[in-house]
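Here subunit A shows up in two complexes: once beside subunit B, once beside subunit C.
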Partner chain A sequence: MSKAIKQNLADSKKMSAELFCLTYGAMVTEMLKDYEDPKDVTIQLDKMGFNMGTRLADDFLAKNANVPRCVDTRQIADVLCRNAIPCYLGISATASSWTSGDREFTITLEANPLTELVQVPAHLVSAGLSYSQLIAGAIRGALEAVHFKVYASATDTGANTEIRIRFDQVLKDSLPAGEDD
Partner chain B sequence: EKFGTIIDNLNGPADIEKYESLVQKAFLHANAETKLESIGFRVGRQLVEKVSKESPKLVTELEIVKFICKDFWSSVFGKQVDNLRTNHQGVYVVQDGRFTTLRSFPEGDQYVKESGYFLAFPCGLLRGALAGLNIRAIVTPTIESVPSVKFHIQVQPK
Partner chain C sequence: MSKAIKQNLADSKKMSAELFCLTYGAMVTEMLKDYEDPKDVTIQLDKMGFNMGTRLADDFLAKNANVPRCVDTRQIADVLCRNAIPCYLGISATASSWTSGDREFTITLEANPLTELVQVPAHLVSAGLSYSQLIAGAIRGALEAVHFKVYASATDTGANTEIRIRFDQVLKDSLPAGEDD
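Moving on, here comes the complex of A and B:
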């Protein structure tokens, strides 16, 4: 979602980054009015992201046929940073701060398009609003769709957005019947 | 249900004032379309400032509407409008034969009614953009067949 896309907006399925960013901002503002507690807004954003993520996982696999089967968290992080995030957000991401035996890591988004034209008031952040939780939710949803249970939370640190991901378990029971591997 | 008991307990205008915020809230929450429209309005007003930053000064009403149809439309929806008509008395009809919001919907007239909900936001967006350029207007959509939309812009006297 950069400037170069402007010319072929009409024929591609992409949308104007500014419109997207402002719309998201207006939506969060409206949710803050609705829920009163910023923590609830974060929860809702996470849920919305989750629902988007479960659908995006299918779309992602359809578009990227050569993504390998992930066997460890390093590989998950690699696919997220190299394929998924650039594909849907148009930005690069890096994974770092590996802890607790590779079970936890942080994805850093440079120039998060959601926060491009936005300043989140400090008192809302301290009250528990995580503005970019939608992205964290989407990652959680997408990984759950491919049977990885993770916990994800987003924090905005100035220009960057950090998404902390904690791997929980591989979901075995939720495999549809006849699709065991 | 709660409103029933509140109304029963009302005695005098002083009490109405007490619940005024509640009443306002009820009206705000009543309609998702109204809400989407107001979100759109907010976005439109901010977006138009970004888009019109480097454009020459827009003087007449027609110039402003033309700007909305060309520059604003193409930067927000990715294309220009297909047709703009006016009666020169404050009514404009903007037609977009492949409207961005509805482009991924199944074509034809089967889902015209459902598509209407998705146009509340773009309508607010247009109203906000016009408001940002100092035109108060009412914007209403008409769909005859997805994804073709006609927006009726009715300019309010200042």
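Moving on, here comes the complex of A and C:
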């Protein structure tokens, strides 16, 4: 584990990734029973992630006063890969595959704690289940809380997890989530 | 954080307790929508915990070859409080309130990562929701995997979480979960 990740984890309360992995697996199994279409589970995971992301953004900003204000997508990717993802998932991540004038990029998670002990059946993936969409939703929610509207989708490749992020717009006129009361 | 907890966490992959807390909250919210009776959510959390516990027992035994074989409830409580709970939840725990000739005891979690950022509405608690029953179920599952049949129920007191454990019997003739194939 690199020094940067150790430092980020030191700022946060820690627990076992195995327990999280099993709890998440139980939750997705539960949702697959409730929704007939695996695509609907993906949508639901995305929504849950979004709501968590808006709260995690507050938590992250409170703990990382030294992180500079981002003005472009390269900086956003840098903070996500170097600070936020190591802090909350305890893993490192890299940004690559920049396209559309830096408006789109892919974050690759070196190891995904959600899928560590889990084998997602291929027929559910073909039917539209994106098992790790919670993480993509959380990134979307966290960025929306700091005025960046993005689209995010997760793909578990087997070897790792890729989150494709597409920047949409800066939300200039609306207040970030959690500051409207 | 005590040295023992640091050591236990070092043996396990780590991640942020905040992320786990929010994911768990989202899961319970989802389940409350699906089941009309909060009591049914408690039963479901207990079952999910049980299944997780049987898997965590394997994981725990694989990582803790030095933990002695338990022959009585005092030793079980000791391993739970000193090794297993610190390892998976990243917190310390104490056993107390021994009754019925050591057949019943209470494990008090000093801080519960599940409830850290969560306020469980009082009307759901009165209606039978035991928010942290996943932990009680996991303890029940883990002990059953090593041949101890117990009953376990969780109570969030506001200040902390208490898990009441009642020993039922030693399962002598059945194979532990995961070893029957």
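Convention: the second predicted complex is superposed on the first by the 163 of 181 C-alpha atoms of A that agree within 3 Å, B and C clash if a C-alpha of one lies under 4 Å from a C-alpha of the other, contacts with A are read in each partner's own complex, and residues count from 1 in each chain.
Here is the rule we go by: contacts are C-beta pairs under 8 Å (C-beta built on N, C-alpha and C of every residue); 3 or more make two chains touch, one makes a residue touch a chain.
The structure displayed is predicted, hence computed values, not measured ones.
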Practice item. Quick one: on subunit A, after the overlay, do subunit B and subunit C clash, or do they fit? Just give me the call. Key: clash
Exercise for review: Look at A:30 in the shared chain and tell me whether it touches subunit B only, subunit C only, both, or neither; answer first, second, both or neither.
Suggested key: both
Study note, to complete from the structure: In this superposition, the partner of subunit A with more touched residues, subunit B or subunit C, is C
Point to revise | Contacts of A:59 with subunit B and subunit C, given as first, second, both or neither | key: second
Review point. Who does A:51 touch here: subunit B (first), subunit C (second), both, or neither?
Key: second
Practice item. Identify the partner contact of A:113: answer first if only subunit B is touched, second if only subunit C is, both if each is, neither if none is. Key: second
Check your understanding: For A:90, is the partner it touches subunit B (first), subunit C (second), both, or none of the two (neither)?
Key -> second
Exercise for review: Applying the touch criterion given at the start, work out whether A:155 contacts subunit B, subunit C, both or neither, answering first, second, both or neither.
Suggested key: neither
Exercise for review: Pick out the shared contact residues on subunit A: the ones touching subunit B in one complex and subunit C in the other.
Suggested key: 9, 13, 15-16, 18-19, 22-23, 26-27, 30
**Study point:** Contact footprint of subunit B on subunit A as seen in their complex
**Key:** 6, 9-10, 13, 15-16, 18-19, 22-23, 25-27, 29-30
Exercise for review: Please give the residue numbers of subunit B that touch subunit A in the complex, ascending.
Suggested key: 35, 38-40, 42-43, 46-47, 50, 74-79, 98, 100, 104, 121
Point to revise | In the complex, subunit C residues that touch subunit A | key: 9, 12-20, 22-24, 26-27, 30-31, 34, 44, 48, 51-52, 55-56, 59, 87-90, 113, 116-117, 134, 138
